[in-house]
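Okay, here's the structure, questions in a sec.
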Amino acid sequence: MRVTVNRKAHFNAAHRLCRKDWSDETNAEIFGKCSNPKFHGHNYELIVSVTGNIDPKTGFVMDMKLLKELIQTEIEEPFDHKNLNEEVPEFYDLNPTAENIVVVIWNKLRAKIDKKHDLAVTLYETPRNFVTFNGAK
Amino acid sequence: MRVTVNRKAHFNAAHRLCRKDWSDETNAEIFGKCSNPKFHGHNYELIVSVTGNIDPKTGFVMDMKLLKELIQTEIEEPFDHKNLNEEVPEFYDLNPTAENIVVVIWNKLRAKIDKKHDLAVTLYETPRNFVTFNGAK
Amino acid sequence: MRVTVNRKAHFNAAHRLCRKDWSDETNAEIFGKCSNPKFHGHNYELIVSVTGNIDPKTGFVMDMKLLKELIQTEIEEPFDHKNLNEEVPEFYDLNPTAENIVVVIWNKLRAKIDKKHDLAVTLYETPRNFVTFNGAK
Amino acid sequence: MRVTVNRKAHFNAAHRLCRKDWSDETNAEIFGKCSNPKFHGHNYELIVSVTGNIDPKTGFVMDMKLLKELIQTEIEEPFDHKNLNEEVPEFYDLNPTAENIVVVIWNKLRAKIDKKHDLAVTLYETPRNFVTFNGAK
Amino acid sequence: MRVTVNRKAHFNAAHRLCRKDWSDETNAEIFGKCSNPKFHGHNYELIVSVTGNIDPKTGFVMDMKLLKELIQTEIEEPFDHKNLNEEVPEFYDLNPTAENIVVVIWNKLRAKIDKKHDLAVTLYETPRNFVTFNGAK
Amino acid sequence: MRVTVNRKAHFNAAHRLCRKDWSDETNAEIFGKCSNPKFHGHNYELIVSVTGNIDPKTGFVMDMKLLKELIQTEIEEPFDHKNLNEEVPEFYDLNPTAENIVVVIWNKLRAKIDKKHDLAVTLYETPRNFVTFNGAK
């Protein structure tokens, strides 16, 4: 039986939407107030979803304590209370839209989670806007 | 990479469950208090989910400002503070169950969203009852 | 020790803001789309708060099962799936604004709750608009 | 058109993670504080999701009143205010992890829901940990 | 200016409502299924509210990191994943109703928080039942 | 009858905790990661609470449309998608702790709301940390 286990986490960060290879005018035209050069920020809320068979020994798909610690090490510590554009290397040359952030998070976690498990990540940028990625191409 | 972007919206409306081609007695028997001829109402909360590739230029699947405006024009303005049975033409001859409402909303949005994107709509009739439609047949 | 015990409940109803002694034009001018003569509706969420001393025998301020049943009898049954303007006598001649509804609910419950207890009622008309009344004049 | 209807429910229960065929030491080593022999507990929140075609007669996938009553009879009554390990027969020999509980709930409901409908169950053990099962193997 | 700062926390615990000096029959009669001798449990969610003047040096009423740590040490560690009746000394001879628990928590925190600050505690036993205590007599 | 009407609103902003008259080392020592010179950010959620008598003519304490517009003009427009420290004049020389922000918001709204009404403001910096100010000294 394949069950999905989900764990919520969160981090607070500053960002702006911008491409370094565009002028400020073009960034403002395309991204509006989200491109404010002085930055704005969000409480990002995260749901990490791991799908796999229930281990008949433990009754777990995976130990949620380990998943919680993995999210802390891989996502919360490097992202929390940071400026995504200027302090998180993945976004030095990548526009930190919610879509790009959720793919970066998925890739970081995918590298650390057993390949027999499927992975999906949901990222709330605000309580009204959120994105989901499950590795689909 | 195919990512889903989700946007929340809401409208408040009156409705009753009823078929015009049934007697009041039959409507009451099948739909109970939901068929009250004087109407009742809900705060409908809506989640519109659009799935597509991230545009490498903008980092967006689609501009959430445009999605927000589309939901306002197509759904919030015609439905909000309305009597669904008597003032929203799609329900003149269609029983406004949550299931039928979510299909109507999906069809209205589907006609306006780029065909390369997938669309799903979730509609909360109450915080305890909700429905989802993604075009599946 | 005076502790407050709080119980959530809910009802779904249709209403319109209107004074019968005003013309439709005046109602529309003052109440806007909330005055739609065909009605709209809400999922009203209710929090009933009772403050009193802890009974040293039971450890209760009041038995929450009794409070739950009182809310069902006094509020949910007469209000749920109703048209407030046309089917709830308290609003035949009283404009069912959130403010007036919360006072009506408070008065109905106040009559049934032990006078040694204080009472406050919070009513959510939508997740974004809510009102509170505690009997203050 | 295949629509999913979702209904929320809830029950409060005590449990501990443990295998009877393991020593207390092994249970403590694998399950940590979740294996406390004196038990702990949760407010389990449940979402039952039924997918099927809209009945053109009623506009329903299935009558939500019937679904609500089914959840009460099959899940809330046998599980609510119980000790899962000691009072719910399905867990006499099955470790009541969230994963195992959601499969038990799914099986109980699957036996009672029309085979033409698909079924998924989401179970929140806490607001931060939840699991989903849809019958996939 | 006196501002209130609020911090949320949570713990999961088993309990039963019961007085040791009453028979099982009397406990069952007064407390119903909440008195199940095998226990049930809850995800208790806590809001700790501290009111005081803003320190003009820091802009804080009190450092929220210190408040978070205080709640962990005083409440979460001794209560989380415990059986309140059997493992938390304050309830060996005190019925663990929500009312009694919130007073115990308030007393534990009151002893550790600067006397120039006011303190209130809100405890959610379920998302639908909660209690508040601010020291009033 | 004095009733409280409450309206929710929100803005997203970057900030850092810092006093300009302190060294970076002192700011880091006192404010920790909240003092990151590159900024971080939040989705601030706001509840504005206005208490007054119900106007017997309208049934309103105050027209919620006017309150909504007032919050937009006074708070959302100047604060949303801004860097509080660098772009909002009230914080050029005032550390933007949640406590100081809620007082600034209260003062801005107090100046625009009829003196016969009482005013309280609640500001969520995160879903777990929030502050309230009602003008008390």
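A, B, C, D, E and F are the chain letters, set down in written order, and residue numbers restart from 1 in every chain.
The rule is simple: contacts are C-beta pairs under 8 Å (C-beta built on N, C-alpha and C of every residue); 3 or more make two chains touch, one makes a residue touch a chain.
These numbers were taken from a predicted model, which means no experiment stands behind them.
Chains that touch both subunit C and subunit F: E.
Chains touching both subunit B and subunit D: A. For the self-contact between subunit E and subunit F, the two sides draw on mostly distinct residue numbers; the shared fraction is below half. For this pair, subunit A with subunit E, the centres built from the Cα atoms lie 34 Å apart.
One simple way to say how far apart two chains are is to compare their mean CA positions; for subunit A and subunit D this gives 29 Å. The set of subunit C residues that touch two or more partner chains comprises 127. Arrangement of the chains shown, judged by which pairs touch: an irregular graph that fits none of the line, ring, star or complete shapes.
Interfaces, counted as pairs of touching chains, are A-B, A-D, A-F, B-C, B-D, C-E, C-F, D-E, E-F.
Interface of subunit C with subunit E (complex): residues 1-8, 49, 54, 58-61, 64-65.
Across the complex, subunit C meets subunit B through its residues 10, 12-15, 33-34, 36, 38-43, 45, 80-83, 86-87, 126-127. Chain contact summary for the complex, subunit D toward subunit A: residues 17, 30-32, 94-100, 102-103, 127-133, 135-137.
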